[in-house]
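To start, the structure under review is shown below, and the notes come after it.
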Amino acid sequence: MKIKNLPSYKNLEIVPNNHSDRNYEINISIPEFNCVCPKTGLPDFAIIKINYIPNKNIVELKSLKLYMVQYRNVGIFHEFVTNQILDDFKKACKPKKITVIGDFHPRGGIKTVVKANWPEID
Amino acid sequence: MKIKNLPSYKNLEIVPNNHSDRNYEINISIPEFNCVCPKTGLPDFAIIKINYIPNKNIVELKSLKLYMVQYRNVGIFHEFVTNQILDDFKKACKPKKITVIGDFHPRGGIKTVVKANWPEID
Amino acid sequence: MKIKNLPSYKNLEIVPNNHSDRNYEINISIPEFNCVCPKTGLPDFAIIKINYIPNKNIVELKSLKLYMVQYRNVGIFHEFVTNQILDDFKKACKPKKITVIGDFHPRGGIKTVVKANWPEID
Amino acid sequence: MKIKNLPSYKNLEIVPNNHSDRNYEINISIPEFNCVCPKTGLPDFAIIKINYIPNKNIVELKSLKLYMVQYRNVGIFHEFVTNQILDDFKKACKPKKITVIGDFHPRGGIKTVVKANWPEID
Amino acid sequence: MKIKNLPSYKNLEIVPNNHSDRNYEINISIPEFNCVCPKTGLPDFAIIKINYIPNKNIVELKSLKLYMVQYRNVGIFHEFVTNQILDDFKKACKPKKITVIGDFHPRGGIKTVVKANWPEID
Amino acid sequence: MKIKNLPSYKNLEIVPNNHSDRNYEINISIPEFNCVCPKTGLPDFAIIKINYIPNKNIVELKSLKLYMVQYRNVGIFHEFVTNQILDDFKKACKPKKITVIGDFHPRGGIKTVVKANWPEID
Amino acid sequence: MKIKNLPSYKNLEIVPNNHSDRNYEINISIPEFNCVCPKTGLPDFAIIKINYIPNKNIVELKSLKLYMVQYRNVGIFHEFVTNQILDDFKKACKPKKITVIGDFHPRGGIKTVVKANWPEID
Amino acid sequence: MKIKNLPSYKNLEIVPNNHSDRNYEINISIPEFNCVCPKTGLPDFAIIKINYIPNKNIVELKSLKLYMVQYRNVGIFHEFVTNQILDDFKKACKPKKITVIGDFHPRGGIKTVVKANWPEID
Amino acid sequence: MKIKNLPSYKNLEIVPNNHSDRNYEINISIPEFNCVCPKTGLPDFAIIKINYIPNKNIVELKSLKLYMVQYRNVGIFHEFVTNQILDDFKKACKPKKITVIGDFHPRGGIKTVVKANWPEID
Amino acid sequence: MKIKNLPSYKNLEIVPNNHSDRNYEINISIPEFNCVCPKTGLPDFAIIKINYIPNKNIVELKSLKLYMVQYRNVGIFHEFVTNQILDDFKKACKPKKITVIGDFHPRGGIKTVVKANWPEID
């Protein structure tokens, strides 16, 4: 399944990590995520959660918001957009560890939550 | 105990998994599940939760909903319907791991939650 | 300390387990449990929770309710009734694992929760 | 730092444990604990939680309440009263394991929770 | 990135630990933390949580509050202030273990929580 | 719009009101209501709430439950089923006052609650 | 419908009201009420709430508790026990105003709350 | 202030009201509303609530959803979009009474809720 | 019933009201109130709430706290201490209107809330 | 009591009200308000809520935020700052009705909420 008009990871700006000598966690939650259902063309709503241990760089939060807004008109399944954000975040800031969770609003009485990790779970 | 009119796992449609090279979790929650008590003939209500790590395929959510609706007139115990859904989901999409939880509304002041896994718990 | 008029485990009816080839969990919650304080003769209230992995049989829920109702006039300490229910449930359905929790309403500004397991905790 | 007028562990009455052949947990919560700030002389409020695995004896709950009431006029720091209760409870009933938690109301916009165990944490 | 006008760890007063022979936990929560966004100059709000196992000394809570108030006019990123508090707390009381969590109010629909530990996480 | 297979108000059994000399309220809540969407044929879920001041008779609760179960296969809009229940309840027990509320689960991200009264609101 | 073994209002002890020159409200909540279903013989559970404006006397709370315990073996409908408690409370302390609410646990998926007032509602 | 690309009230489909002889309330809640901030061009999120007493017609819910989706790219202030929806709903179904509430997500630490009525409040 | 060792209303300090030309409300909540049960001698716990419209003066909050602490060893019924606080507050600051609520922790499974007003309720 | 360095109402920018022909409500909530205790010099925290019916103009939200930030270093009592904001808001946009609520964080175990209206309450 091909997905069109995906945002580029290059839109994620990075800032040098002042405390790169220590492993610590950053948890980010974006409760206003929007994309489009590829079957009906109607908007889907989700909370995206990103938890990572930074390496040399951290992701600047304003650029992260603007990257997320670019999904507003992208037609993509719940399962795939969660993995796509993981891939882009990895390319942008090369974290030591990362988890991305897509927690979607119910549709037709069914709710889905997708959770992807790198390094991946066993 | 024989159970009649069970839905078939073949009603669960599958979609190729775009990210099958990675282990990731999909959590699905269906808060509007209905079946029938085999003793009284009255409807029983439950929230069904399915957590799985997909392999080559994921289950399409609309078909999952229609599969669930087919239990509306099936007379079956709480303990057995939870295991039945696990068996059908496994046959349909052959996941790497799966848990099914049936969280039933109280009856006579007693509430039950049934939890089945594959591979099974020790 | 001797306890009088305890219900018998024989009041717990059993049903063959359709899925005895798999280890799965059954969680039962009885929020309307009543016994009597052996010191004051006044009723004590608790939520009893039973979590077990069935073996060849499961306990039928209606008979479990009636067994529980029989404690209404038994004078017994919080700590001991929780262990007594564990012993009776084990005799009735011979589960692979079981936990019984007695979560009692506060008395005199003190609340107690008693938790017993088989096989027991280390 | 010397602390005056501490209650004695001898005020904690014990009862033989009917189920001493099994390891099981007793969780006690006392939401109405009071002592006095040694700096200001004003009352401090806390929820005290005691979790233990009994050995030959259990602590009788009414005597526990009266022991707790005796802290009402004792001037003592949050960190130290939590450890003191652990020491007294150990002397009184010689449990196999015990945790005491002091969950104090905020003062000056700061809230503290102190948690002591025996055997101690690593 | 240089940060100006940071408070000194020397403002954290210490008190001898009456129970230094035992490992126990102290959890402190400061829900009224304020610093300034280095980009916009507007105030940022957070809950700071400190969990530690004390060694020879504990940190006196009133001095901790005054230390925290000194961040009110410091321009500093969420990620860095959390690590800075960890460093100062370590210098002041040399705990056996410590975790500092900065749980920040949302900005632009994005919420961040930063969590640093010593000894650090793997 | 014609609606087929509606249950009859005659299925609601009545019991003489022991306290008919006093105006008092009875509030009933049925959180497991089911009917069918007349457009899609899929089940709709609702909580039905009935508040009334009885006159000479009260409605027996077991018969009310069975009356409600009969809507399981009726295709009817949210707005109309709420008014229908009001009409039947009035015919069955002739209350002094009555309100019926239908609080439906969301569909397509839209939730509806319908509230009908007799005597009607201004 | 005749009801047997009802407790007497004479079990409610009264205490002179120190502030009888002022109208003020007393709200009492008894979350551990028990009676018996006249149809099944099984126990029913409720929270009883009493709100009154005292006149010359207030009801002593310990005697109120003992009065309530006497309903434990009385077979009586939800609607009628609520009105019965109102009648007894009125006889015992002759309040200026009183409301009694019986908030019963669900049975068969149906929950009832009964509310009686004196002087009665319009 | 002119607002461009507003949806038309003609997109709201109507259905004859089966119970137009009675005044009753319909409450609709749309938790997934989106428009665009006219200052920053970034999306704004809100829950829109519509409460009305229908006259001859009710608004069909699917068409209401599609009407709401059309605001996704409209640049409009919180205060004005709430009033605009009220005007359109009135034109479409001519209700007896209507309230529209726009409950917006916080921006910059400020949250707004706008509430418009017809007939208007005093 | 005589009550001993009551605090004096003279301990309540007053401050001139800068906005005495306007009627406005001040709501104060003291969740750490303590007095003693006159029957058992054991401490009783309550949340005291005071709502008033000030006249020429407001009550200074630190002195209010110290006044409340003085009830710690006073033996007094729930119903009477609530009225006593109302009387003292009236004498101290002569408000235009005042309500005092005593919301007491449960004892023996019974919870009481006492609410007194001046000018009194009808 | 004189208060220094108060912000000016002229910092509140106004926008013409597109719907000034209709009375409607705007509710604003600012959960991150800060001022300084005039006695201790330490920061006080509050949620400020403003509810108004606009006349010819509405207050622009960004300017409202900046006005609120200016209280960060003002020493002022809870009761007076709430009235001050009411006065400034009235001068800036001349609303038809307005309520301002200051909901302050607890200090010393005492919480205050101040509520001022224009036109004032009776």
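All chains are identified by letter, namely A, B, C, D, E, F, G, H, I and J, in their written order; residue positions are counted from 1 within each chain.
Here is the rule we use: contacts are C-beta pairs under 8 Å (C-beta built on N, C-alpha and C of every residue); 3 or more make two chains touch, one makes a residue touch a chain.
Everything numeric here is computed off the predicted structure, so don't read it as measured data.
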{"item": "Labels of chains that are neighbours to subunit E and to subunit I", "value": "D, J"}
{"item": "Selected pair, greater C-beta contact count between C-G and C-D", "value": "C-D"}
{"item": "Subunit A and subunit C: spacing of chain centres that average the CA atoms, whole Å", "value": "46"}
{"item": "Computed distance of Cα centres, subunit F from subunit E, in Å", "value": "56"}
{"item": "Geometric centre distance via CA averages, subunit F-subunit A, whole Å", "value": "45"}
{"item": "Where subunit C touches two or more other chains at once, by residue number", "value": "31-32, 42, 45, 65, 105-109"}
{"item": "Chain-to-chain touches, reported pairwise for every pair that qualifies", "value": "A-B, A-E, A-F, A-H, B-C, B-F, B-G, C-D, C-G, C-I, D-E, D-I, D-J, E-H, E-J, F-G, F-H, G-I, H-J, I-J"}
{"item": "List of subunit G residues in touch with subunit I within their complex", "value": "15-19, 22-32, 53-54, 58, 61-62, 64-65"}
{"item": "Touching residues (chain side subunit I, partner subunit C) in the complex", "value": "42, 45, 105-109"}
{"item": "In the complex, subunit G residues that touch subunit F", "value": "1, 39, 77, 79-80, 82-83, 106-118, 120-122"}
{"item": "Interfacial residue positions of subunit B with respect to subunit F in the complex", "value": "31-32, 34, 42-43, 45, 65, 69, 72, 105"}
